[in-house]
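Presented sequentially are two complexes of chain A, the first with chain B as partner and the second with chain C.
Right, the complex of A and B next:
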């Protein structure tokens, strides 16, 4: 059986169920790179261009981790996933950067996904992808439909039943047959903003979600908010946000401001993220203007010390608890 | 008489405060950490022992600062608190209606915004330590002036020069340049203070609503030049509390008092701990590719606590009586 390697980085946190089931239906075995560890980070930082943000550097490390373990590596180019919207330019250029890095790569599965003009581009991309395995279009489309169903389940788990991506992904990545589903308890809720590939990666987020849970909080992320609410909230901006990932963050931020059960918001951004330097500023401004929501901005990069993050988190938690106690 | 001990072990200084039940400071010590937190804490305790006779009973201990967890294990602390909360608690105790706390320590600087006695926002310097105590220390040494005199010189300035304060390396070359041009020393030092304040307000204080009463604390508050530069830049009086240098320790002592009030007894090991031998060692765990650096603290050869491992394998393998963090 042919093995397809998927780097456990970037869009893994958004689309893994779709990819896994599509390749499986076409008869391939899917292999993931190891969860981020120090070796992967070091390799990524050494290979990537200096200007890249941490998640992009990390992607290099995950690609290297797969070499020798798989026949092919899946390296899609995501240009746009919605009409008149775009993915960050660094992510668009990622396949080229990887190929130019001098890493001895196995065969690559490449595809261009650009839905900026029409949704039909997605079906074309699926067919192009499928042809790496078979010429039978019917078989490809059947695999695609089944995979889409998986993806819907994954999104449902997050948006409707409040699960966090990392636990929900366990259903697909083979780490657990029973995901450690988060019970929706009456605990203070913290809104956590930030790209999935930053906040769900336990290594580079320095276990931020687990740390918050340990402190006694329930974590709510942008992925836990239904897409129509994100759209509606993001539309309140005077100008349309054309970065899909940024729009998700800003829509979530506006939504958190309205939710009485959210008692604080934390925004995590990676140092060197172009879109976030603008989106982050917008979010911070709106949060400060509202004056009612405790807000913490954390920047992470490969040099970030855990001590600084822990100090800020603890102080943030003290601040919220203190305020909460006084309100009662 | 019941007293409470607060210990703040920072990058540059280690401060100890002993306060009574009414939160009056009886003794305070300001020691240089010099990279040896355990030894410095012990030294501090030995000094306190000489100051406190049998009438005093240490009924609670709190630790804060970057070595708060290490110190907590060694002394047997009742509460371990981050330095932001500790500083805010101390400032709110001394100036109950405080709305802004400016704190500049050895290697970090923070701003804490309080409203109605509760923290509403804070920020800490991120990647850059320009404008903190270490830099002032270094500049004072370079000019051959004791750091205590440094600030007073700034007050004699007639016409502070403009120094580029964005980065401490550039600030230094700019200062040297101004010296070579023939500017007077007080003018340069005053200019440096203004540059550091500008840098602080633009970085740490960015977007914060700085309202008075403003309390300025931390080791750098000793510097008269910095105090003057802050009140000029903010256009209002800046309050420097009497014990400005040990506010973190005071906050830790207050928090210890509150904790002990709730739980009834203290975990303090007693002054005899100064005779015990504490050792730390670190090793690289080879369990997985993370290669975590695990730190182990032992008392007289017996492991007390371990941390540094991401998975908690080492941390949990000890049934430490004290819970870290």
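Right, the complex of A and C next:
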């Protein structure tokens, strides 16, 4: 059976169920790179230019981790996943960047995913991908529909059942038989903003989510908010936000401001992230103007020390839980 | 409503012409300076890219001179520029600076908005006058570029460095004042002749370097720390990948004039970079290939620190450099970059190129 490697980085955290089931239905075995570890970080840092952000560096590391273990590596060019929106200029160039690195790569599965002009582009992309495995269009489309169903379940788990992606993903990546799904309890809630590949990567987020849960918080992310609410909230901006992830963060931030059960908001961004340098600024200004929501901004890169983050988290938690107790 | 605008190289000259043509009072911000930079940096998000910060400084300085309206361009992504005005508006609001922003957004679904905004600015002038204003502005942009290309060629050969620069500065002041096509081009021709008449070092074959990269850093001498001038003094003839008039032709006139176009350059970027990446990243890779093919001796990429499209290009350029056998250097600038450090790096690069050329010659002769 042909094996397809998927780097456990970047949009893995958003689309793994879709990709996994699509390739499986087409008869491939899907292999993930290892969870981010020190070696992967070091390899990524060594291969990418210094100026790249950590998530992009990590992507290199995860690609290298797959070499020798798989027949093909899935390397899509993610331009846009919604009309008139983009992900990030860097992701638009990522496949070319990886190829310029001189790494001895196995066969690549490449496709451009660009829905900025039309949703139909997605189906075209699926067909193009499927042709790596079969010429039978019907079979490709059937695989695609099944994969889409899987993806919907994944999104439903997050948006409607309040599950966090990193735990929900364990249902798909087979790492846990009994996924540790987040229990919905009456605990103080913290809104956590940030790109999925930062907040759900246990290694580079330094287990931020677990740390918050241990402190006694229930974590709510942008993925836990239904898409129509995000749209509605983000539409309050005077100009449409053209970054998909930026729109999610802003929409979620506005929504958090309205929710009495959210007692504090944390925004995690990669050091040097282009979109977040502006999106983060907008969020911070709106939070400050509202004056009611405690807000913590954390940047992370390969040099971030865990001790510093822990100190800041604990101080923030003490401050907001004290405030919360006063208000009750 | 005295209007102002962000600075980007000599853009202020055609832009001022255009706005005045439709009867607006224009206040050009003081040329970018340390003060502009520090005003902008103090009030901008720390990790924003440099042009946002400097432009904010321009607005604050223009406000001091009495401007109350800002005219600037918007954008639809994928890069940060399209959101600059939104961020700057929020910053001005929190600073309590009351300035109106007229943001010319590229047509999204319909041209209506853009037309409405232009009509609003043109306070009642007819489309004929507006088109006339655009034409005069275009002639100036083109004339300035033609003279500057000559300047870049003369600098390395000048017997007394600085002479051609003086002539160029005078030309920039003079061309502001004329508004007729024939006068503008006549002035440019005279100035070009004057530069050619300067005493030059005979039979010196300058090193040729192309400057590629992010448009703002390429075009704004304050931000690239007068890179072109320094290179000129080191005996280098410089070419840029971007000239304002070519940019206007590509983006505003949609390439209808027969000038060098970015379409050609983008094709040259294949197979190294096969997709648009925002900003000028694609062109940076393509121009590097182009200038290698034209026989240039080296390429310098300039960009603001954290510039996304240029990080993509930077990642790919070593491959191009290797394949096409052309030295490439990347220079990022931010508010901390100093001129002295830059000069050292430029000198080292020029030395490397000269040695490489020498070596080639020796190999050829044996």
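The rule is simple: the second predicted complex is superposed on the first by the 327 of 328 C-alpha atoms of A that agree within 3 Å, B and C clash if a C-alpha of one lies under 4 Å from a C-alpha of the other, contacts with A are read in each partner's own complex, and residues count from 1 in each chain.
Going forward, a contact is a pair of C-beta atoms (placed from the backbone, for glycine too) under 8 Å apart; a residue touches a chain by one contact, two chains touch by 3 or more.
No experiment lies behind these values; they were computed from the predicted model shown.
Overlay on chain A: chain B and chain C fit together in the combined arrangement. Taking chain B and chain C in turn and counting the residues of chain A each one touches, the greater count comes from C.
Of the two partner chains placed around the shared chain by superposition, chain C is the only one that A:93 touches, whereas chain B remains out of contact. Applying the stated contact rule after C-alpha superposition, one finds that A:312 touches chain B and leaves chain C untouched. By the touch criterion defined above, A:122 reaches neither chain B nor chain C. Touch criterion met: A:207 reaches chain B, while chain C stays clear of it. Within the superposed three-chain model, A:243 lies in touch with chain C and out of touch with chain B [touch as defined at top]. Superposition on the common chain places the nearest Cα atoms of chain B and chain C 7 Å from each other.
Chain A has no residue lying at the interface with chain B in one structure and with chain C in the other.
For chain A in complex with chain B, the touching residues are 34, 37-40, 203, 207, 284, 288, 294-295, 299, 303, 307-308, 310-312, 314-316, 318-319, 322-323, 326.
The part of chain C that touches chain A in the complex is made up of residues 45-49, 52, 74, 76-80, 82-83, 85-87, 89-90, 94, 108, 272-279, 281, 305-309, 311-316, 318-319, 332.
Residues 66, 81-85, 116-122, 124, 126-127, 207, 288-291, 310, 325 of chain B are the ones that touch chain A when the two sit in their complex.
Partner chain C is touched in their complex by these residues of chain A: 48-49, 51-52, 77, 79, 84-90, 92-93, 95-97, 100-102, 112, 237-239, 241-243, 271-278, 280-282, 285, 289.
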